[in-house]
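Dropping the structure in here first, questions after.
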Amino acid sequence: MSALSALSSGETKGETFVINVGPQHPATHGVLRLKMTMDGEYITRAEPVCGYIHRMHEKMGENRTWAQFLPNTGRIDYLAAMAYSHAYVGAVERAAGIAAPPRAEYIRVITSELNRISSHLVWFGAFLLDLGGFTPLLYAFDDREKILDILEALTGSRLTYSYYRFGGVCNDVDDDFIRGTREFVAFMRPRMKMYHSLVTDNIILRKRLIGIGVISAEMCRQYGATGPVIRGSGVGYDVRKSEPYSVYRDLDFDVPVYPEGDCMARYLVRMEEMVQSLRIIEQALDKLPAGPVMASGVPRTLKPPAGDCCFAVEAARGRLLVRIVSDNKEMPYRVRLRTPSFCNLSLYEEASQGMMLPDALALLGSLDLVIPDIDR
Amino acid sequence: MSIIEPFRLLLFLVGIMAFVGLNAAYLVWVERKGAARFQRRPGPTEVGYGGLLQPIADGIKLLSKQLHVPPGADGVLFRAAPLLVMIPAMIGLAVVPFSESLVARDTNVGLLMIFAFGSINVMAIMLSGWSSRNKYAIISAARIVSQDVAYEIPMLLVVVTMLMATGTMNLNEIVQQQAGWFWRWNIFRLDVNPLMPLTFIIFFVCMLAETNRAPFDMAEAESELVAGAFTEYAGMGFGVFFIAEYANIILGCAFATILFLGGWQSPFGVWSGVFWFLLKMYVLVFTVIWVRWTFPRTQFYNLLNLSWKLLIPISLSTLILTAVVMKVLK
Amino acid sequence: MKALLKEIGSGFHSLVTGMRITLGQFFKPQVTVHYPHETLKMPVRFRGHIELVRDPQTGKAICFACKACEKACPSDCIIVEGVKREGERRKSVTEFKLDFTKCSLCGSCVEACKSEAIRFSKDYNLASVSKEEFIMDLFKRLESEQPKPPQAQPEQSKEAA
Amino acid sequence: MISSLQELADQFNKLIAQDVPLPTTPAVPVAAGAQVGTAAPEPASPVQLTDHAAKGFHLDVRLRPERVVAAATLMDENGFAIDAVTGVDWMAEGQMEVVYDFFHPAHAWRVVVRARVPREKPELPTISEIYPGANWHERETHEFFGIVFLGHPNLTPLLLPEDATYHPLRKDFKA
């Protein structure tokens, strides 16, 4: 591909033109806009333009009480809302010195991991849709529906759960939940095998993903890309292992790492992560202790002592960091949300240079972006 | 030529148009229902029993929409493109023998005619993309040209192979040669070409690529080019492209049936007729739908690699093999 | 050459496997619920918009306008007014406005209510052409409804818990 | 490459030792009721090893704004990845704090670097040359706080509208 080498040296042979992929385009799920300068089908520059659904969650946090910000956390990444609640609740608990009872921590892990699977299933379907395969999307949504039903029965909502509280969770799990979750785990394992033989082994898909959109570990480091992106580049960085929170220390799971850094590596990381999440859920259900789900003595109006603290979790898309600054008032002084999609997208401009349009869209899909997570 | 011949031809042309129209409409329904079944959902159910009136509702909707020519587009070409894509498919069907006597024009160069007119198809879609004055459409048009040119070569090589095996360009004669039990069909004629089933698969793949069907739907490539060459078309302008796509599928499947699967011949050697032709054709059409709802889209250079590096060498070698086998056996 | 042949073989096999799987799904029963001909049962904890709860003894609203829900609401979408009538121990609610256009269905209000005077409705079919319809007066709503048969009550109090 | 956080803290101490001491924050009386922010009492040493379980990070460094490039270079040389850049508006003290978060992909280390700039002239050098990922974070901090990152290649709004002239996360901003 000589055109590619010409591009990397900065010269273009002919005219370039600009196409807008988004904010309304089938490949940008949500309102992301990519301003692509093209030389034929080759991209010379792809500049992401974001902010179309910016809602200023951070300012909202400063204008309401600590507890009132909780519903907001479900609306940042609507596909993996549990992790966002977890990070915020964790940060406030850390600041205020509250410890959730063990049963609550186990429930948090189970629900977070269920949510991670459901998020990865949406990614799986949407990614395949980007690649032109429609049917796996509906199979994935069928499976996801089972998770949503389980979580809806527990929390009352299908996406914006708002289930965690400072010092625990708001509802205890019942036998139906435990039975339903066990059934789902048993159901999902053969489903994963089916996905692998339907999709992963497919020669068309392999040709489209292997060696496409290579992101180096160094690039991930410089851009702060995390989650399946950095794990697909050969770095086994997972917040659940490096800064173990909740009860992840007591659970046995592997961090899937693929060194290739291409779209296929990121694909396989996520597929493998679903299997690992099933393992975590199974263990957590086995170990689920009895006891209360809310810590006693949590004040109704919380005033954490002055100072700042952070809490990081491994959300479905990567490292999520919540930094809170308290001035010992009933409202936060500052809430900072460091969202994984934001950092993962920031490397797109560099990574997509010189790619062909369909490959660049495969790369975009493999980053697994959720636009409200970028725009906040 | 008798005096009735022009009237007979006219009648057949009207019949073919009706056949294509009805098929296109109901293949949309079959496609939607089929896709739904593959994805374990019901598909259209609300309009008519089992959604049977859905195609008519769709047609009325498309007809009621404005035919909008985007400002700055080449109006003449923009309007002509849908017609140019529709007519070759119709003409191609005029030489297809549905049964021994049910054929509009039993000409001696039927094979050649289908290909001659089939090539217009490429130009028509390219024109639609080019005249739309839309960047997505332009990219799509460029893709279509290289794709269709690339796949026409292996397809022609396969057809030449068949031509050598059958020794005639008359489609009816090709079918008549395959009379008898199903092992007499060309696909099982391993005596002339030991790689015959492979040749059939190559033909089928090329047919998918020529009709721009998934997994080779580079032209539409929804997640990349919105709707490709048809982005700017609204209403029935788009509808005609849609019908033409199905007309081309029917033509391709009919052609494959004639060349490889014994056309209107029954697999048991008795009770041959139009029923067998339609059955075989629709099984192929179903396979086309089945393929579409199973696979992701190919990447563009993989698509060209497949043609130039795999299908052309293989089809060329089957051609040579056939030539050698036929020479040796004779 | 050998690698190429192997790739062609495994590639073709993968395509056939894929087609076999989708065909298998073709003959399986559908998973779709034919809404609106069929509907699903809403889960007990379903968080719809809120509604006032009737006291089974008096037939009036339990709510005594303590405004805990108003304070808890992160979106300021609840306005409660009440009066203290002669001879009554507590205030009684006269107005309970819910601005559903602002409500984020978070459930903070139900959680804040100590006397279980509000609960989530199971009404998920909310659609309207005017914004005004979603500024609901829940008290008027309760007044205009017929009192429900008493056997429905115990189940509902369990839901709110 | 460093082998322990203590080593890293020493390197930071060496970096800061060249400076004049940081100015102590002026004590401003806080008006009752107004949300202006009282920072926690600041620790004596600008380089602090902290307890991760209590704070969420291991090393807390305060330095002068002109030192952030040197600090980022130090982080880069030691293989840290950029986590986030953000600001905090300490209106009562007339200062803006810029907070740089770093994490290490191989070790479980978290480092926070802070620099305070005066509120009237919030300017400090960019680190986007060292960490390209900081580019977006600095753009975001610029639009939300009005903090200017000198030498930044493209300091235009990222999430706010292109023509936004306000800085919503400043404490005196009213919507």
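The chains carry the letters A, B, C and D, assigned in the order they are written, with residues numbered from 1 in each.
What we mean here is this: a residue touches a chain if its C-beta (ideal position, glycine included) is under 8 Å from a C-beta of that chain, and two chains touch if they have at least 3 such contacts.
Small disclaimer: the values here were computed from a predicted structure and weren't measured.
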### Query
Starting at chain C, how many touch steps does it take at minimum to reach chain D?
2
### Message
Using C-alpha centres only, name the chain that sits farthest from chain D.
### Response
B
### Query
Once you find the CA centre of chain A and the CA centre of chain C, what distance in Å lies between them?
26
### Query
How many angstrom between the C-alpha centroids of chain D and chain B?
64
### Query
Which integer distance in Å separates the CA centroid of chain A from that of chain D?
26
### Query
Rounded to the nearest whole Å, what is the centre-to-centre distance of chain A and chain B, using the mean of the C-alpha atoms as each centre?
43
### Summary
So chain B residues touching two or more other chains come to 38-41, 293-295
### Message
By the touch rule stated above, which residues of chain C touch at least two different other chains?
### Response
15, 18, 21-22, 25, 31
### Message
Where in chain A do residues touch two or more of the other chains?
### Response
135, 139, 142, 198-199, 202, 204
### Query
Okay, what are all the chain pairs that touch?
A-B, A-C, A-D, B-C
### Query
So in the complex, which bits of chain B are touching chain A?
35, 38-41, 135-136, 139, 142, 214-215, 217, 221-226, 293-302
## Note on the structure
Within the complex, chain C is touched by chain B residues 34, 36-42, 45, 290-291, 293-295, 310
### Query
Tell me, which parts of chain A touch chain C in their complex?
64, 67-72, 74-75, 135, 139, 142, 145, 149, 152-157, 160, 162, 170-171, 194, 197-199, 201-204
### Message
Please output the residues of chain C touching chain A within their complex, sorted ascending.
### Response
7, 10-12, 14-15, 17-18, 21-22, 25, 31, 43-47, 72-74, 104-108, 111, 120
## Note on the structure
Per the touch rule above, chain D residues touching chain A in the complex are 35, 37-40, 52-57, 79-84, 86, 88-89, 99, 101, 103, 105-108, 110, 112, 131-133, 135-136, 144, 157-161, 168-169, 173, 175
